[in-house]
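Let me begin by handing over the structure; questions about it come next.
Chains here go by letter, A, B, C, D, E and F, matching the order in which they are written, and residues are numbered from 1 within each.
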Amino acid sequence: MPIHQQIEYADANPEVRATYDDIRATRKTDYINNFWKVLANDPATLKRTWESTKQIMGPGALDPLTKELLYIAVSATNQCPYCIASHTASAVNKGMTDAMFHELMAVVGMANETNRLVSGYQVEVDERFKDAK
Amino acid sequence: MPIHQQIEYADANPEVRATYDDIRATRKTDYINNFWKVLANDPATLKRTWESTKQIMGPGALDPLTKELLYIAVSATNQCPYCIASHTASAVNKGMTDAMFHELMAVVGMANETNRLVSGYQVEVDERFKDAK
Amino acid sequence: MPIHQQIEYADANPEVRATYDDIRATRKTDYINNFWKVLANDPATLKRTWESTKQIMGPGALDPLTKELLYIAVSATNQCPYCIASHTASAVNKGMTDAMFHELMAVVGMANETNRLVSGYQVEVDERFKDAK
Amino acid sequence: MPIHQQIEYADANPEVRATYDDIRATRKTDYINNFWKVLANDPATLKRTWESTKQIMGPGALDPLTKELLYIAVSATNQCPYCIASHTASAVNKGMTDAMFHELMAVVGMANETNRLVSGYQVEVDERFKDAK
Amino acid sequence: MPIHQQIEYADANPEVRATYDDIRATRKTDYINNFWKVLANDPATLKRTWESTKQIMGPGALDPLTKELLYIAVSATNQCPYCIASHTASAVNKGMTDAMFHELMAVVGMANETNRLVSGYQVEVDERFKDAK
Amino acid sequence: MPIHQQIEYADANPEVRATYDDIRATRKTDYINNFWKVLANDPATLKRTWESTKQIMGPGALDPLTKELLYIAVSATNQCPYCIASHTASAVNKGMTDAMFHELMAVVGMANETNRLVSGYQVEVDERFKDAK
């Protein structure tokens, strides 16, 4: 049994229903993830988080699949099982192939390794990187 | 003064020189980052890390720029200043625009936020994500 | 089956029993959490950890409920399921309302987001914060 | 020299100026932190982040000082120097005493320690915490 | 059901089989951990990761048991349940006693605590540590 | 200028002086690290932290050098510059050679990499590790 109750559409207040409706319309699916159903205990956070997600994860200078890969990279670094499972599913929906996933994992592993080599060896930032953007 | 001496090409042993030569040839630049010059204190790790980097960061199912974005996503999550500075420079070299960087940061920030909402609210993995890949 | 045996009171040596007795007296409950029963495999660490906890989590300049909220903030940031579950229970015992929990989570999420924006954008510390305490 | 240019009010576009105006009015100070001046390179993220901060950090079920303490707890756990420096200054402005800071640090240290004892010892969640909220 | 299929020897391609054979020969056991069977979905990463592991974890200036303890220290800090479980088993195989495990955990807990005290209190590096190696 | 004042022996109260005396006697040096001089702002935490350190880091089932290596492993994983610098100095004092440091770093890097491969690939714990200790 989940500790924080999942709020179903039928039991939701109008503010939560409005967010659920927007999730469904935006994602073109009736399914509402557990994440949103739990956040619905706090309608203000549900709304703010969904609206940020919608703004951030949509198409822009980066395409939505690349954004899902970045999400997985962060979630695997933080070791968040729910986030890895749900965004892996989203990425597959958006076209991630097995080969792409394998390369994503290889980069995430390598970056986590070299981040620690840098800190352990106390490597100083190269002058040329200090004003490179 | 850096704590771990940076090994310059002129002072390097043949094994380290061979790695430096390969870094220069692969990257089409004479410049060797401080990271490699410090790792050169341990030639075996220098060689292994460089060869893994070369294998992983090259073109494949994901293009090299996307891989740099993933590297930055991990490094910002881990808050590694050297890694952020050096891979931001690499990403710019490979075509990252300001707009792309801004969207990258927005996704990294959002994912770090929602990772903690998920854990704090103890959200359970949806059944449908348990065998979705 | 837990990997590290949980030491029950009946099976505990006198040093462990003394710590269990103090936990029970301090918390006004007979219940000993799994955490302490597992730590009891190392009586010195059990005793040191309990005594630090008792000293730190009691009333002082901050009240015990605020301290529980801080504990949850750290545990959600580190994504420690046990710690989140046990300290959420403790916080509820000490008076945490649903509204307080929601605001706690919102702050934790936001801080985790902005921590990464700061590092990714390589924001320099304002002069005025360098000697402000 | 900061890598990402800090956008001063005089150089800001109307959208950024509107956010700066709101920061100044809300905080009752002319000072704009480096964080906001760097985020201003991406006006959409500046606006979204500021509006979330304003919504989350204001008074509610938790008072603003408690929220600053929670922010520091997260930032110290993540080891974000900028965030620790800026929010320590904010907390002092809102009334944090030395004694409160010391207790905050003691809790943060202890929670980070016990989080790892729990994971290293593979402690299982107590039944009674599984449906306690 | 695991999301990423575990590749059994009978179903593996020749490249994966060669790695499995080397794991078995090196470890003097027929057993292949789930980790390797899942990585086998990406034969290049399986081979690279195994060869790095074999090179790094073998005897050298540090003995194999000390290396397992270091592995557990990292894994408990990152709170990776699989890694803690599998490397605790490996460490026991290599001679880790209960007393050693308890001391390992005490150091890991303490280091995680003091790391945050240092960052929260913004302690500056002593001059004498700046060129000490 | 450090934000939190460093308390020198001459300015310390008797409780702090007693701890400083014990640090000096135990470590056979007059030098007190910045860490302790900053913690001295909170004499109770200074005393508790020092006493825990003394208890934990002394000889036992693991020798003091191994404990320093574990400390560095945690600190590099958490990317704490002060902690890496100070404990690298301590480890050198206790006999850490360059070769040992290189192997330590290799293990830390590898463990951080594989921790994320495990989480990203959602590897399930092998049955045989579930009751192995």
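Throughout what follows, contacts are C-beta pairs under 8 Å (C-beta built on N, C-alpha and C of every residue); 3 or more make two chains touch, one makes a residue touch a chain.
Everything numeric here is computed off the predicted structure, so don't read it as measured data.
Common neighbours of chain B and chain F (chains touching each): A, C, D, E.
Sharing over half of its contact pairs with B-F by residue number, the repeated interface among D-F, E-F or B-C is D-F.
In the Cα superposition of chain E onto chain F, the rotation angle, rounded to steps of 5, is 180 degrees.
Between A-F and A-B, more C-beta contact pairs join the chains of A-B. Rounded to whole angstrom, the centroid-to-centroid distance between chain C and chain D, based on C-alpha atoms, equals 20 Å. Here the spacing of chain A and chain E, counted between their Cα centres, is 27 Å.
Contact of a single residue of chain F with at least two other chains is seen at positions 3-4, 41, 44-45, 49, 52, 77-81, 85, 88, 102, 104-106, 108-110, 112-115, 117, 119, 121-122, 130, 132-133.
Taken as a contact graph, the chains are fully connected, with every chain touching every other chain. Note for the complex: chain F touches chain D at residues 3, 41-42, 44-45, 49, 78-80. If you check the complex, the residues on chain B that touch chain A are 2-4, 31, 33-35, 38-39, 41, 45, 49, 52-53, 56-57, 60-62, 66-67, 69-71, 73-75, 77-78, 80-83, 85-86, 88-89, 92, 97, 99-100, 102-104, 106-108, 110-115, 117-119, 121-126, 128-130, 132-133.
Put simply, chain A touches chain D in their complex at residues 1, 3-4, 44, 48, 52, 55, 130-133.
Those residues of chain F whose C-beta lies close enough to touch chain B in the complex are 79, 85, 88, 98, 102, 105-106, 109. By the touch rule above, chain E contacts chain D in their complex via residues 72, 76-77, 79-81, 84-85, 88, 104-105, 108-110, 112-117, 119-122.
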